[in-house]
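What follows are several structures.
Both complexes shown next keep subunit A, but they swap its partner, so subunit B is in the first and subunit C is in the second.
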Partner chain A sequence: MEKAIIAIAAALAVGIPAIATAYAQAKIGTAGAGTVAEKPETGGTIIILEALPETMVILGFVVAIMLILRFA
Partner chain B sequence: MILSQKSADESPNYEYVNAVVRARAARLLGRDVFLRLASGAPEDLELFLLESQYGPRYREQLATGGGSLLGRIENALSAGTADLLLDTALLARGETFVFICLILSMGDLHNGRILLRASPGPLRQKNSPSWHRYALADTSFYDDLWRKHATPAAGAIRCHQEDNDIARILGVAYMTLHETGDLFRAERSFYSGWAEWWRKQAATRKNQNGRRMAEYLGRLTDLWNFSIWLRRGSKEEGEPEYFTGGWGFSKEILQSSRDMEALFASSGWKDIPGLGEGRAESEIFRSFQRSFYEWQRRLYRKNLLGIDVLLGYSARAVQEWKNLSLIAVGASLKMSPEEIAEHLFLPDEGTVKVRD
Partner chain C sequence: MIQPMIRLAIWGVSARQKDVIQEMHRLGVLHIGQGKGPRGEDPAGLASLRLLRSKILGLVESLGWSDWAGITGDSVESVEKLMSGLSPEELTHEIEKSLEEFAVRLASLLKEKNDSEELLARLKKGKETLDLFASFFRHGRTRESTALWLVTEENANGAVAALKTAYSARGEGWEGRVHFVSGKDAFGVLGVRIPRGLEGETGKILTERKALPWDLSELCPGVSAECRLEAVEKRIEELSSRLAVIAADLKRTSSEWGPRLGALFMFLDGKTEQASVEAGLTLSPNSFGLFGWIPEDALEATVAALKEKFGDDVLLQWRRPEEGEWGRIPTSLKNPSLSAPFELFLKLLSPPSYTGVDPTGAIALFFPFFSGCMVGDIGYGAVLFLIALKLKRNAGEIVRKIGSILLAVSLWSMAWGAAWGEFFGDTGHRLFHMEPLWVERSESVTPVMAFTVALGAAHVMLGLLIGVWQGVRNRQRHQWMEKSGNFVILFSFIIGLMVLKAELHGAFFSIPIILLIVGLVLLIGGGGIGGIIEAFGSFGNIISYVRIAAIGLSSAILAMVASSFMDVFGLSVLGVTLAVMIHLLNFVLAIGGSGLHAARLHYVEFFGKFYSGNGEEYKPFQRRSGSSWKKQ
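Coming up: the complex of A and B.
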């Protein structure tokens, strides 16, 4: 039972940031597509901006690993 | 009519349209460019336009031939502005599209007013006037009304043949003109019908963008009501009939205020230059228009994921057209740069000074 709760906690630690990241990347991606279409020179900046929300999932993943290693 | 071409139920794409628009806005002209053009001759403006974003439209005018220099410039600017604004509607979907269409209907308001004022007869020239081509209804519809339907009755019938809201509203105004012969009442009917249509469309979205569109209409109504208030003493007007739904001026304030300071005091309109300095009413009205424009321009930097950017962009694009037209007319009349600059709406201006 305890293991199941830890597994759910780890899943939430990754899942919720993943949903938030997906939402943010969708918005940034469409805005980026519009900007790059008009100003191709902004491509590099847009890629960085698009990648920034990934940190949320990475942090969530780290928290999930810590949960599993610490309590499982 | 563009409005019927897309579904209004899709999810909005403000982030995409706003990103495109903000990238394109970098091509809009700045204060320095306007002042430099105001110091030149019409031929300089012509050369400038050839190299600008209006270039393709200006070359089109040269290729199709005819017309004066001023006519070519006016047509190219009108078509170029329409390109800028109509293109945003093509990119938009859902709520974004619905609200862009409301913004574009400002063109219909201008076109309808031109038609009503020139109907019937003596004011009507052979050639069509320079329409606001970014309007929702096709330019061919307005051309047809201008050329083939000179009387209000004929105009009303033609409008009712069209299956769209704008034509229906204009048709009612034509009918009013036909029945009463009163241009003031016909224009009032047109404005009221258009405003009601706008209000209904904005009310379909219960969010910040819907409220912003309603605020825009309210502020525009204030401008109309102020214009009526300024004429309140004249015998021809009789008892002033104000439009409902203003943003800052309630009907009670408009009816009870005896001077401008009292009118503006509790209105929410701030920073009207020249208010309380004993300036002429026409100058105050112009300051009021400028204040409305500045409010729209500032929206450009407010909510980057909403309709604000598009309101700001469209105001800047239309004002650029008006400024360039004024420069063309002023330069052809050999007005001084200072005189021309006085009539321009420039960004961040207090007192306009022309640089050497």
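Coming up: the complex of A and C.
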């Protein structure tokens, strides 16, 4: 039972930031596509901007790993 | 490294103005930055030169030719020799005259190609429909007439019923010689086979049902309906052959005329640029002045070349920039060949200011290190190494630079792969009993994470140190105080952690506390309350480096999953195929993800500590190479 709760906690630690990241990337991607259509030379910058929200899911992933390693 | 620049002024008599501009264009080292003198009018013929340049570009694009990189300086110089001594008006006239016949021939060829392609598309569409009636036509008897009609689906049944009624009334037998095919927009094609002589009556009945004859007469005129399919097929064949001839002709014309027109375009581009510069010169009735910035190491050769060519006809003055000019000096970067490809990263930002710091060396050091740490697999590194070597042999300059960057990443990937003990995941361990030199990252997660955070602390603190140095050098008190305060606070936390970890006597805590107080004073003195927020941001920045471990871990696990398909399916085709496919996916993700995140760590975490990208790019007045004019 305890292991199941830890697994759920780890899943939530990754899942919720993943949803947030997906939402942010969708917004940035939409705006970025428009920007690149207007100014193709901004492509590189847009790719970097698109990668910014990934911090959330990466840190969520780290938290999940820590939860599993420490408690499971 | 940012090259020191020199302000160069060239004064001369108006008679030598054109020659001086042409020579400076040839030398290609002067970044023109004019003074506030009166601007001259555009030279006569400049507008027509620009128009002609656009026309030639239009011809080049119509030819579908794009090998701009293949145009050598020699080919442009040979055009220059041919056209030397001509005024812009004469130049325009000569080139227009020589291109007139070619332009007409090309236009007619392209028109024929477009018309043929359009007709071919219509014929193919028509054939698609006729194919559906192939057997209907085949079984047509000579005493019968066949016709196709466009009719709505809802009227089709009514039309057929009306035809049946009409023929029954005349005593003609109706044997179901009708075929309806549904099409788009509720319309379909109705094929009707009727005894000859009844075409008029049939047409009347169908017209009443709002049907339209679909006879394709415009595509194959004068052909009876029964023979139409064959006629269309024949016409398609003829057109396809003609199109192949046109394509071959265009290809030959493109390879023959493309380089000539390209060289002509480059020549005209240079002429237009020279004329524009000429118009922007500071003028007096008998003399001119040309001012600009030149890299210090190019000064000697430039001065010698100008003295040799013009002697006393020009007066040259040069000096180092003054403090008030710093904002207007262009930034020219010069780095050793190993780190120069990493200048590519700065192309996404505005260049560093002249008094700023060129971070290329730091990027060359850290980017492959971080990226390689994330990939961390000898097998993937070896594959990347081969790809990088291939890219380095490419003709494109940017592709070659990317190849050099990937080469560095691949070497670090292999080095980190040895540290983590990974060769295509755990395949190395399974086959060769390979052991990690340091730790297995899929097992020892915490040490790897701690290492990446320490790496982040070092990287961020290096950025802060550069910021301090930049602030001191540019005498910006706020900057160096804020950056040094931030640095000291981070340092105090590291010392504090060390004291805690080493379980030293409590008295040792006074060192980090004193450092913290000093840091806070510097931070508030330099950046105020904003400085404190900046300090919190620095901690966030350091934590962000944990992504190196996280992305590396996910890559290692996916590689192990790929290899485990061999356990599940054994050494079978399915097992090997699945393993290779997952490895391929992981390879792409590892290379893409590691590059992207290593770049982000530089742009956001590292550059944020010192980089002020408000410089002006050094753009020497010279012949533009390749297709760089496209960026204008």
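Couple of notes before you dig in:
By our rule, the second predicted complex is superposed on the first by the 72 of 72 C-alpha atoms of A that agree within 3 Å, B and C clash if a C-alpha of one lies under 4 Å from a C-alpha of the other, contacts with A are read in each partner's own complex, and residues count from 1 in each chain.
Convention: a contact is a pair of C-beta atoms (placed from the backbone, for glycine too) under 8 Å apart; a residue touches a chain by one contact, two chains touch by 3 or more.
Since this is a predicted model, take the numbers as computed values, not measurements.
Aligning the two structures on subunit A places subunit B and subunit C next to each other without any clash. Looking at the shared chain after the overlay, A:32 reaches subunit B, while subunit C stays out of its contact range.
Of the two partner chains placed around the shared chain by superposition, subunit C is the only one that A:54 touches, whereas subunit B remains out of contact.
Of the two partner chains placed by the overlay, neither subunit B nor subunit C lies in contact with A:11.
By the document's definition of touching, neither partner reaches A:22: not subunit B, not subunit C.
Here's the short version: in the overlay, subunit B gets within 11 Å of subunit C at its closest Cα pair. Shared interface residues of subunit A (contacting subunit B in one complex, subunit C in the other): none. The residues of subunit A lying in touch with subunit C in their complex are 41, 44-45, 47-48, 51-52, 54-55, 58-59, 61-62, 65-66, 69.
By the touch rule above, subunit C contacts subunit A in their complex via residues 347-349, 445-446, 449, 543-544, 546-547, 549-551, 553-554, 596-597, 599-600, 603-604, 631. By the touch rule above, subunit B contacts subunit A in their complex via residues 13, 15-20, 22-24, 26, 91, 305. Touching subunit B in their complex are the following residues of subunit A: 27-28, 30-35, 37-39, 42.
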